[in-house]
């Protein structure tokens, strides 16, 4: 960034912008954790996610910004609100009392002896100073890894470096990561079904909005999937946008009709992971290393894997939003 | 990794896959024994760019123990989960989660890339939490929640350490890092972070509060897994990092770990004595046995490492057998309060035999694997002239003996109130017994695993002994 | 290059803030929020340090790591939230008994 | 020219922070959600300006996502946070 | 200063002004409905102006098309969200502010 604009005024402006952004992040984070009322904490947390995405944009990391925006704005906020709704529905008792003076120290709801409190503060100060000192003394990092990435870029079949690293060079990480996602869903389902919240029929406006917005979301998800190979985008971003579309569907009260909930749903969920593993295993039989995509066909292969991954990530995220096994309800 | 199970498969395939993985591990074992440490670059890229799988003596041994224990648990849980005791819908989910856990363990033992280790740790943590929560009881859920939070906290610490290391050296691969490493403030802080993260997950003394509750409330096969393998996985990573990456001249740090280990032994032992429920007793004994593993750090000599590793292996086998025995008793009597064991010996001869044999290995009586491990540690302690370690090792053994005999004593007596008993499928008793016998046999065939340990890089370095 | 260190300091600040809140609060939902904020702090440090390269394009490897991290964090949070609801239905209140700090 | 974009973006960030004050004080839950909605639109504008300032056409995709997803959290709030139970602090 | 840049500056300033108006409205107005009213209108107009300003700078038509698309999405979602929130607030029994 700095290289492009030589004007001192410009760097000053950037510095100003960054300090404000940094301060806003810290202040928002602190308020989100310190606010007495739970709902206010969640709203602040959603705003924190938005600011985080802007920071990623500022740090010249478009892929990360896309992922953070899609997952943070789309899914985490909605998930937190639904959980809060379920928790609130359980106990009507305490309404958050505004305790002004205690809020600063966040100790209003914790019975802490001052001794252990001070002791804790000492540890935290130690941690912070250690971290800051370590970070500042980091000498110039050797960039041979980055040179390596750009050198083998063209043989990876994808031109966007981040997607190349994610799917080809460190494909094994992504494989494990997709299994983590699937595992989370399995865990949630293993907790058993959830009490069905009484759904009021969506109003006309909501219907109209969802009819317009959801197809658009799906198109955008496809767009991200396609653009992933040469510009920031890719399987995870596309998958999370698809997940957000699914969340919107579920919010509107749409339920998967019975025919789909059994085996077909499970197959879709496992589809992404299955394609990834089978592609890798098939390659072994062709005499290659575990996940070595032949450069000629690498691009197409990666796209195939990404498409399958986007589909199953989207469906998994939407199913996660349900926080429980989908109950069988006739499609209205 | 091959044991990814599609959610809709159930028990039958579970066993099939279990057998398949054991065969794969055996094949790998043979390969490593023949050709020395194996390095396998995934995706055909070099070490710094791609991720490498690295199988040396250390990881091979862990894989073998992992395979044996997991096979036992699979057979055991076929019996455990088909009883009316467990609602059918819950039992289905045991198998896929369990397969994920096993795959995570396999991946973890093989990987040689620190970020990859982070992902496997996370995979391991989530599946373990889901399994603990499977029991569905109020305390099971609360302890699962606490375990999840502790897990996430530990992994975040670890990730921060990885970030610092990466930005300092530009590479994530352990072998490359070990060549570049030189003590600088960033490395010290990274080391501190990663150590605290991993110790949190290994439940060393000050950070062990989550372990007893999680182990006691989880279903028997799951708690067997937790204490035998999951806790050891993070110890394995810690050991691998400590030997290869962290600057070795940190003896003051080793001393601290040794002291913590010693406290863990005493505290775990005393707590175990005070427990009324069998599962809590076994959980606290795990805390104590973990202390032993950390005793090796102050000495950091060749024998010390081998001793600690041997205890790790024998403890894994013995503790699984113990938890299975506890599971059987729980099934049989419907409760596991130690006072009310009546005629357990008469009704379940095999289970109590398994419990006794496993107890011998935990205590470290002569024929068992535990004894070999303790003997090696003792030898190392005497060589390095740290006498206080010798006392601790012996004291730990006595404490273990105390709480084992307490349980066995009650097993023979007649309890005051009688209550209905249920037949326990014979499979479950046999697996417990076989594993207990394996723990004993481990002692008899000691030279063979000790030889395997030498293949790996970490030990040959300091063969000073 | 100094804007870079600003973000790293902010990252460290977020990490400690999250840790502090995690240890202080007993309410489960708050703890999950604290863990998310800690996670964002670590990712911020990762990416901020990645921008140290001379070339216009920063080092892609930390970006890939952070994207993987974000997905892992989301799945962990989803599992945690589902667990919180179960704990609430079973136990009636959504906070852990105050366990010993550290 | 970029300086101008950046200053406008800076100004937007200030308005965003001002909106924060409403979140803290807002008596009813609706106010807080309102402020969250404000943040969404301001963030979209901010990202667009940054895209222009640093000549990153790619950032427009990020703005596109913000635009689409700002509605999701709000709808989640309306459908779930209020629909399933009368919110206790509404009466405050 | 090129002519187009001149217009962009004016449009952006106007946009920023509307954003300011929206935020002030949000802070000053006493009641949910009035705040809703102020916020949605002002921000949308503000964004519209900004998009126009940026469209002048955009190199290719595709880019302007994308900008317009973004603006339309924001219009669509914020308008309907405002309606939903108002509707829900109505049901909650928050009566509009009366002087």
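Order as written gives the chain letters A, B, C, D and E; numbering starts at 1 within each chain.
Assume contacts are C-beta pairs under 8 Å (C-beta built on N, C-alpha and C of every residue); 3 or more make two chains touch, one makes a residue touch a chain.
Just so it is clear, the model here is predicted, and its values are computed rather than measured.
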Intersection of the contact lists for subunit B and subunit C:
A
What chains, if any, are shared contacts of subunit A and subunit D?
E
Relative to subunit D, chain with the most remote C-alpha centre:
B
By CA centroid distance, what chain is farthest from subunit A?
B
Contact-richer chain pair (by C-beta pairs counted) among A-B and A-E:
A-B
Subunit A to subunit E: how many Å between their CA centres?
27
Please report how many Å separate the Cα centroid of subunit C from that of subunit D, as a whole number.
21
Length of the line joining the C-alpha centres of subunit A and subunit C, rounded to whole Å:
12
Need the CA-centroid distance for the pair subunit B / subunit E, whole Å please.
58
Residue numbers in subunit A touching 2 or more other chains?
4, 14, 60, 84, 86, 131, 135, 138, 141, 143, 145, 149, 170, 173, 177, 180, 183-184, 187, 191-192, 206, 209, 213, 216
So which stretches of subunit C touch two or more other chains?
15, 19, 45, 49-50, 52, 61, 65, 68, 72, 75-76, 79, 83-84, 86, 102
What positions in subunit B touch 2 or more of the other chains?
115, 119, 122, 126, 129-130, 133, 160, 167
Mind giving me all the chain pairs that touch?
A-B, A-C, A-D, A-E, B-C, D-E
Going by the contact rule set out above, which residues of subunit A touch subunit E in the complex?
203, 205-206, 208-209, 212-213, 216
Subunit D residues touching subunit A in their complex are 2-3, 6-7, 9-10, 13-14, 16-17, 20, 23-24, 29, 32-33, 35-36, 39-40, 43, 46-47, 50, 54-56, 58-59, 61-62, 64-66, 68-73, 75-77, 79-85, 87-89, 92
Write out the stretch or stretches of subunit A touching subunit C in their complex.
2-4, 14-15, 18-19, 22, 25-26, 29-30, 32-34, 38, 41-42, 45, 48, 52, 55-56, 59-61, 63-64, 67-68, 71, 75-76, 79-80, 83-84, 86-87, 90-91, 106-107, 109-112, 116, 120, 123-124, 127-128, 131-132, 135-136, 138, 140-141, 143, 145-146, 149-150, 161-162, 164-166, 170, 173-174, 177, 180-181, 183-185, 187-188, 191-192, 194-195, 236, 313, 317, 320-321, 323-324
Give the list of subunit D residues in touch with subunit E in this complex.
1, 4-5, 8, 11-12, 15, 18-19, 21-22, 28, 30-31, 33-35, 37-38, 40-42, 44-45, 48-49, 52, 57, 60, 63-64, 67-68, 70-71, 74-75, 77-78, 82-83, 86-87, 90-91
Contact set on subunit E toward subunit A in their complex:
73, 76-77, 80, 83-84, 87
